Amino acid sequence: MDALLLPLIVACPLLAAGLLFMSAGRMPPLPTCVIGAGSVGLSALMAAMLATGFLRTPPPAGALHATLWSWMQVEGFNTRIAFTLDPLSLVMMLVVTGVGFLIQLYAYGYMHDDPGIARFFGCMTLFVAAMLVLVFSSDLLSLYIGWEGVGICSYLLIGFWHTDTANVAAARKAFIVTRIGDAALLCGLLLLATRAGTLDIPALLHIAATRPADLSAETAAFLLLGGAVAKSAQVPLQTWLPDAMAGPTPVSALIHAATMVTAGVYLIARLHPLFASVPAAMTAVTIIGLVTLLLAAGSALVQTDIKRILAYSTMSQIGYMFLALGAGAWQAAIFHLVTHAFFKALLFMAAGAIILRVHHRQDIYQMGGLARAMPGVFVAFLAGAAALAGLPLLTAGFYSKEMILQGAWHAAPLLWAGALLGAFATAIYIFRCLFIVFFGTRHTEPHGRTGATMAMPLACLAVLALTGGWMEMPDAIAPVHLLSHLLSPLFGAPMPEGPTWLLWAGSLVPLAGVGVAWLLWRPRIQTRAPPEDALARLARAGWDFDTLYDVLIIHPFVTLGRLNQTDICDRLSNATAATARAGGRMLGRMQSGQVRRYAGWIAAGTVVALCLGARP
Amino acid sequence: MNATSPTQALLLATILFTIGMLGVLARRNLLLMLMSIEIMLNAAALAFIAAGARWHAAQGQVMFLMILSLAAAEAAVGLAIILRLHAAGRPTLDADTGNRLKG
Amino acid sequence: MTALLPGLPPALPILGGGIALLMLCIAWHRSETRAILIALTTLVLAFASLWLPVLPWPGDPTGMLFVPDGWFTYIAALMLLSSAASVIMAWREAGTPADEFYLLLLLGTLGALVMAGSMDMVIFFLGLETLSLSLLGLIAYHRTQPTADEAAIKYLILAGLSSAILLFGLALSYADSGSLRFAAPSRSGSESPALPLAATALVLTGLFFKLSAVPFHTWLPDVMEGAPIPVASFIAVTSKIALFSALARYFAGADLLRPDAVGAELAIVAMLSMFGGNLLALGQVNLKRLLAGSSIAHVGYLLLALLSPGPFGMASAAFYLAAYAAATSGAFAAMRGASGLSDIGAWRGMFHRRPALALAMVVMLVSLAGIPPAIGFFAKTYIVIAGVSARRIVLLGALVASSIIGLYYYLNVVRAMMEPVPEVPRAVRGTTANAALITALAIVTVLAGLFPETLVRQTRSLLQPTPILHEAGLGPVAAHDMLYRE
Amino acid sequence: MIALPSLVLLPAAGGLAAWLSDRGPPARHLPWWIAIATILSQTLLLLFVTCTAGWSSGPWLAHFSMPWIPALGIAARMDMDGLSLVLLWLTTILSFPCVILSARDVGERPGLFHLLLLATIAGINGVFLATDLFLFFFFWELMLVPMYVLILQWGHEDRRRAAIKFFLFTQGSGLLMLVAILGLVILHQHATGVVTFDYFALADTPLMPTAAMVLMLGFFIAFAVKLPVVPLHVWLPDTHTQAPTAGSVLLAGILLKTGGYGLIRFVVLQFPDATARFTPVALAMGAAGILYGAWLSLAQDDMKRLIAYSSVSHLGFVLLGVFSGSAMGMRGAVVQMVAHGLSTGALFVIAGSLQDRLHTRDMRRMGGLWQALPHLSSIGLFFAIASLGLPGMGNFVGEFLVLLATWRISPPIAILGAAGLVLSAVYSLTMVGRAFLGSPHAGQDTDQTPPPADFGARQMTVLGLTMALLLVLGTYPQPVLDLSLPATPHAAPEMEAIHP
């Protein structure tokens, strides 16, 4: 029965998406939303049932399997469309469906007067379905379906308001950059398939566990890492995420904060034995995570667009997860993934609520003093910010970040220091944003009020963002280890905890950060102008990766293509034709019309023939 | 009888032939071209005679007669056509000018 | 009257009789209708008589002056049919009075037939000159057309030159071998090896000129443009067939695969003709000149077949001659049907004005280009088979390359015919006879292309290599009294 | 089995009927209806063939043989194996969009148009069935002529050049193949003393390595021009751009596939050793084609040109698969051919209908079409996504299998192929972005009269079915995969099956 629920959870949003696309925009908003959100809610419900069943009576092998059909079966390779529910995918499933459902609700409030709402909900539900495929698949190739599926949905949704060319460009950029990673991932799959003859994840992991890591294993690990990096917007393929904010805010909340961007983390966690067997890859993951964490936090410090701030913060938070993965603290990574899904979605939706009410302005310097105007939103945003900053004890972010710091400490104190620095910066930039937006003098008069459909999800997520962390606590506070126990069959026992002063450091640094933010941007001395020195501009531009790629790759490629627009190979054939015509003209000249010339040709021919005869 | 051997006769024929050919190539006057062709034909005829003499066979002379008749026929038709050209208003007998058929 | 003379096929006397009759009629009272009737009946009778038995030649076969073998029969059939086509085209077309026109046509056909079967220099020479002299008359026949005389005088001078060269070559070979047998002299048994080679080279010049192979081709485009359509068709088809068959006979005994000067000259000329002809046609705006170029190119293909001895060589050549004859006469007939429009520009939009005619023309061009389902496709394939089996790689390459060039101008005409043009005053229709001719030829071209089996069977092993006099051990003396047997 | 030749004769006869039925304005659509009836009956016939095929009697499913030119050992012989069946089905399916969508309003002389269309289809069917090399070549040439006339008569502004280019390239390379065929025949004759054009007999001809290589190249060039393979592709962009919509669909959808089919049947299976020695070059050419085609299609402004170059890129995968030397690659190549036929055919339909509506193919003068033509644009988006190889669509299955097979013999080439996938995303999305999305083009007046009509039920149905097929092919390709492995000529079908 449970194994049968598994495909149903996917099918539900899929069918809804099909229905919505079929309707071709002829359906009024309300039923559209009911179908969209309803289907996701339904699968959330089923997911909850499934989860409770799973937790109450864990299946014999610790996982549920549902093989749908055999996809390709040719000599030397076969692959199936097969789903598996194990603790990891269980967690992901709950996040995707739960947060997804809330965001769908919110989206109705946000989009209900948009003409293309059917397309919007169609893509959203399709995205949920693809994400679930990604999560459930027990075969890397069917996982790849979901992997690319979410990519295309993100393309469609970023470019949702397609009349603006900028949005279209942003969407294309997002898809293409991730596609580069996907190509790497595909190569990894090819390599693994050639090596193992199958892409069935358990089989692969078995091989990785038994066979010593050879060159091909290392290459495969790095190729997969490439895919993960692009999907999760890590250095050096992170450039697409800030632009992706061009999409409607619910999209940013669902795809570019809660779920899709964390797919890379999920992939690495899913294949952790493979990575664990390749130390070099682990180091690479760690370094990528740390670098992204710091760079993104740095950019977030100087952004002026509220959504871009959140985007950069997303990058840096995923950097945390990569750091944890690289450090081998798998549970920590997943834990942070979950909590991050809560509070980042919350932040985005709160930001969306603000944007909606200040006439779609996004520049924080044009807001300000909104705390009184929209207290509910303020509270929600505050909760989210606190969780993101990881204020001690009462926020989810604190516990997950704490766990990561512990892991980093075990891997290398230096990493720990870096992570701590990141935490400090995080606290600064998010509270900078909060102070500037909600305190001080008001610059834009908000209109209307945040509807219930938007308020309700905000409330739920706010609660989650605060309490969500209690599922896993350090022993020093309370010996609660629900998550790591749940995941231990996969990841083994969690690491032992470090000395207690780590905990102190981890809880004081964010507070310090908040303090600094208050000193700098408290209402009294709020400066109206963002910092304009070179470093700030560089950081605001995301450290100019875009320009770099433009100059190095895109521009030369496109220019050369333009130059060769009329295919150079074409010249060859034209040249041949020209020579033929020239020959024809020459023979025409031979046809001078003068009989003596003709006689001359005959004589010449005869003489040549005679010479031929005389030669031997 | 052995004043001239067939080989010498052949040589003479060859010389005549070459002269005729050069005439055809060099002359621009249609009449003279025709005459050069006659020379060539006669050279061929002479060659046949010589060959016949070499093999002591009469076939050579037969060929000679044939060629003679051909030469006559050609001359006749050629002159007729030249006359018609003149009638058609071609000013000169210059073969190089006034050609409409070319290219 | 099955055989007046032993070994003489009845077709020749029939033609002669027809000619005489026609002359009498002309002398008595002119009438084009009667003339054409007589001409046609003569040709048909001659054609029918090809199947009559020929009185066997008494005595030594090597002494025959004229061989009515299978090759002769086949070639003669082709030539009779194609000159019949010319006759039909000429109906109401040649300037009045047209009686002598048919007379000359018959005369030329007679010469061509004689040439095709001749084994002896004298006979060959007679046939050749009969043909070319009557051609002269035909070319110059149009009084009104100003270019006719020019074409005629050009043909006269060049033909005279070439026949002089040919005769000189024959004389040399006679001087060398002492026999008038019309065959390539073998170098064995002659004291001066240069002599036979020179002789062959000169004879080849003569033959190539009439065949209009590059570089002896220059006269053809001009003459064809100047001559009336039926004559052009006659030159392009009948006389070429005759000349090619003579060439084939000339080399019937020789081993062309042996790498010597003759083989080299043939190969070079073949290649030059393929490229030259196609390139020449490439730039033409006059349909007659275009067809002249294409016929030059086809001579090149035929030479490839000739140069590929073996089971397929002559068979493919024979097949190709048939395909070529049908398609080329058809093309000229179509031009005649379009009231002699020879400017390609005038053919624009023909598809919209006269679809049937245009369709026929397309069939002919497609056949000439060697595209299925027309017969030309299989013919070309057949020749390529021969070339491959004889390993003529270079020539095959030339064939492929030049055929691609050929495709271009054939399709160019097709394209011109398809272009939509503003309605122009519709051209005067050709005669119904001509229309029937076009239809028949088109049907033949397509059907024979789809089912070439019968023709393939017909053309197999027509021309047996004939022994050369020297090997027969027949001395000049024998040749001497052989001459006086007539 | 008489059904095989009737697969060729039926469309031809239908075409003739359509031509004769062309009686001017009052019954303007009569030829169209006749054409539809023809392809419907062809579908039924093919269904019949599929059902009655001898599934049990080995890889060869159906046979027909009858002497044609016995003097030269030429027979009208047709045999059908799974590969032929798949491609025949592709032909039949694609002839529906051709006729139903793009052939309805062709302007003057609809009868002739349908005649040519159906004649081309007949020739293609023949190519997929013939197992007598002469017959094969006959059809190979035969299918070009009507296509040439189609382009010439109903093509766009620069049609003359395009048509003649198309014809010269394909025909010229065809002549090379002819020489190669005859060379094979002659060698076979020298070896056995028998002149025959029979595929199965010739496949067993003992050949010197060099001879085999030369002959193989003769065939390869002909098929490479058709497929097309860079640098022999130059005829394709012009032709596809200038051809009328139906012509483009036919060209891209099916005609190019004859090249792939020929490579499989007459190159790889007939000259295995030579092929093996030639593989490195072929792989390099394939990769070059993938990248070069994608690169150039990225640079185009003309929509049809862009799609044409994308075909060059996609068919590079076919070359890789065919020469990967493994059954997996072969199957992948076939799936790729089918998927490409469907997706690119549909894309050409869309480009064509855009040209009918906007009278331009220049994407610089399009943009923001989504408002005016939501249905058309969304369909275009779908097929663009399909052609960038999204998993779940047929193209991905083909590309993945091909790449997997390639990786086994040469990872670098496979990596280049994967890079091609990135580029395919670039050009597909560029096309979508420039044509359908963005702000409505300034020059393209929004108040044009009448506003361009969006896709109606007819188009939506046909294209919707095409989408469904692509999705099915992408999610459940097994039937095609099972069929697509070609039967070897050495397992010659038993005789009594040939003479029923």
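Should a chain be cited, it is by its letter among A, B, C and D, assigned in written order, with residues numbered from 1 in that chain.
FYI, a residue touches a chain if its C-beta (ideal position, glycine included) is under 8 Å from a C-beta of that chain, and two chains touch if they have at least 3 such contacts.
In UniProt terms, the chains line up like this: A = NADH-quinone oxidoreductase subunit L; B = NADH-quinone oxidoreductase subunit K; C = NADH-quinone oxidoreductase subunit N; D = NADH-quinone oxidoreductase subunit M.
For clarity, every value in this text was computed on a predicted model and none was experimentally measured.
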- Note on the structure: Relative to chain C, the most remote chain by C-alpha centroid is chain A
- When the contacting C-beta pairs are counted for A-C and for A-B, which pair yields the higher total? A-C
- Item | Distance between the centres, which are taken as Cα means, of chain C and chain A, whole angstrom | 79
- Task: Averaging only over C-alpha atoms, locate the centres of chain A and chain B and give their separation in whole Å.
- Result: 96
- Using mean CA coordinates as chain centres, what's the chain A-chain D distance in Å? 38
- Message: Centroid of chain C to centroid of chain D, CA atoms only: how many Å?
- Response: 44
- Task: Going through chain B residue by residue, note those that touch at least 2 other chains and give them in order.
- Result: 21, 24, 33, 95, 99-103
- Task: Any chance you could list the residues of chain A touching two or more other chains?
- Result: 588, 591, 593, 595, 599
- Query: So which chains end up touching which?
  - Reply: A-B, A-C, A-D, B-C, C-D
- Item | List of chain D residues in touch with chain C within their complex | 68-72, 108, 134, 138, 141-142, 145, 148-149, 152-153, 160, 163-164, 167-168, 171-172, 175-176, 178-179, 182-183, 185-186, 189
- Query: For chain B, which residues count as touching chain A in their complex?
  - Reply: 21, 24-25, 27-28, 33, 95-96, 99-103
- The answer for chain D against chain A in the complex is residues 165, 169, 230-231, 233-235, 237, 295-296, 298-301, 326-328, 331-332, 368, 370-371, 374-375, 378, 385, 390-392, 397, 400-401, 403-404, 407-408, 411, 414-415, 418-419, 421-422, 425-426, 429-430, 433, 436-440, 475-478, 481
- Message: Considering only the defined contacts, which chain A positions touch chain B in the complex?
- Response: 588, 591-596, 599-600, 603
- Residue numbers on chain A that touch chain D, as the complex places them: 21, 24-25, 69-77, 81, 141, 144-145, 147-149, 152, 155, 159, 162-165, 168-169, 171-172, 175-176, 179-180, 182-184, 186-187, 190-191, 193-194, 557-558, 561-562, 564-565, 567, 569-570, 572-573
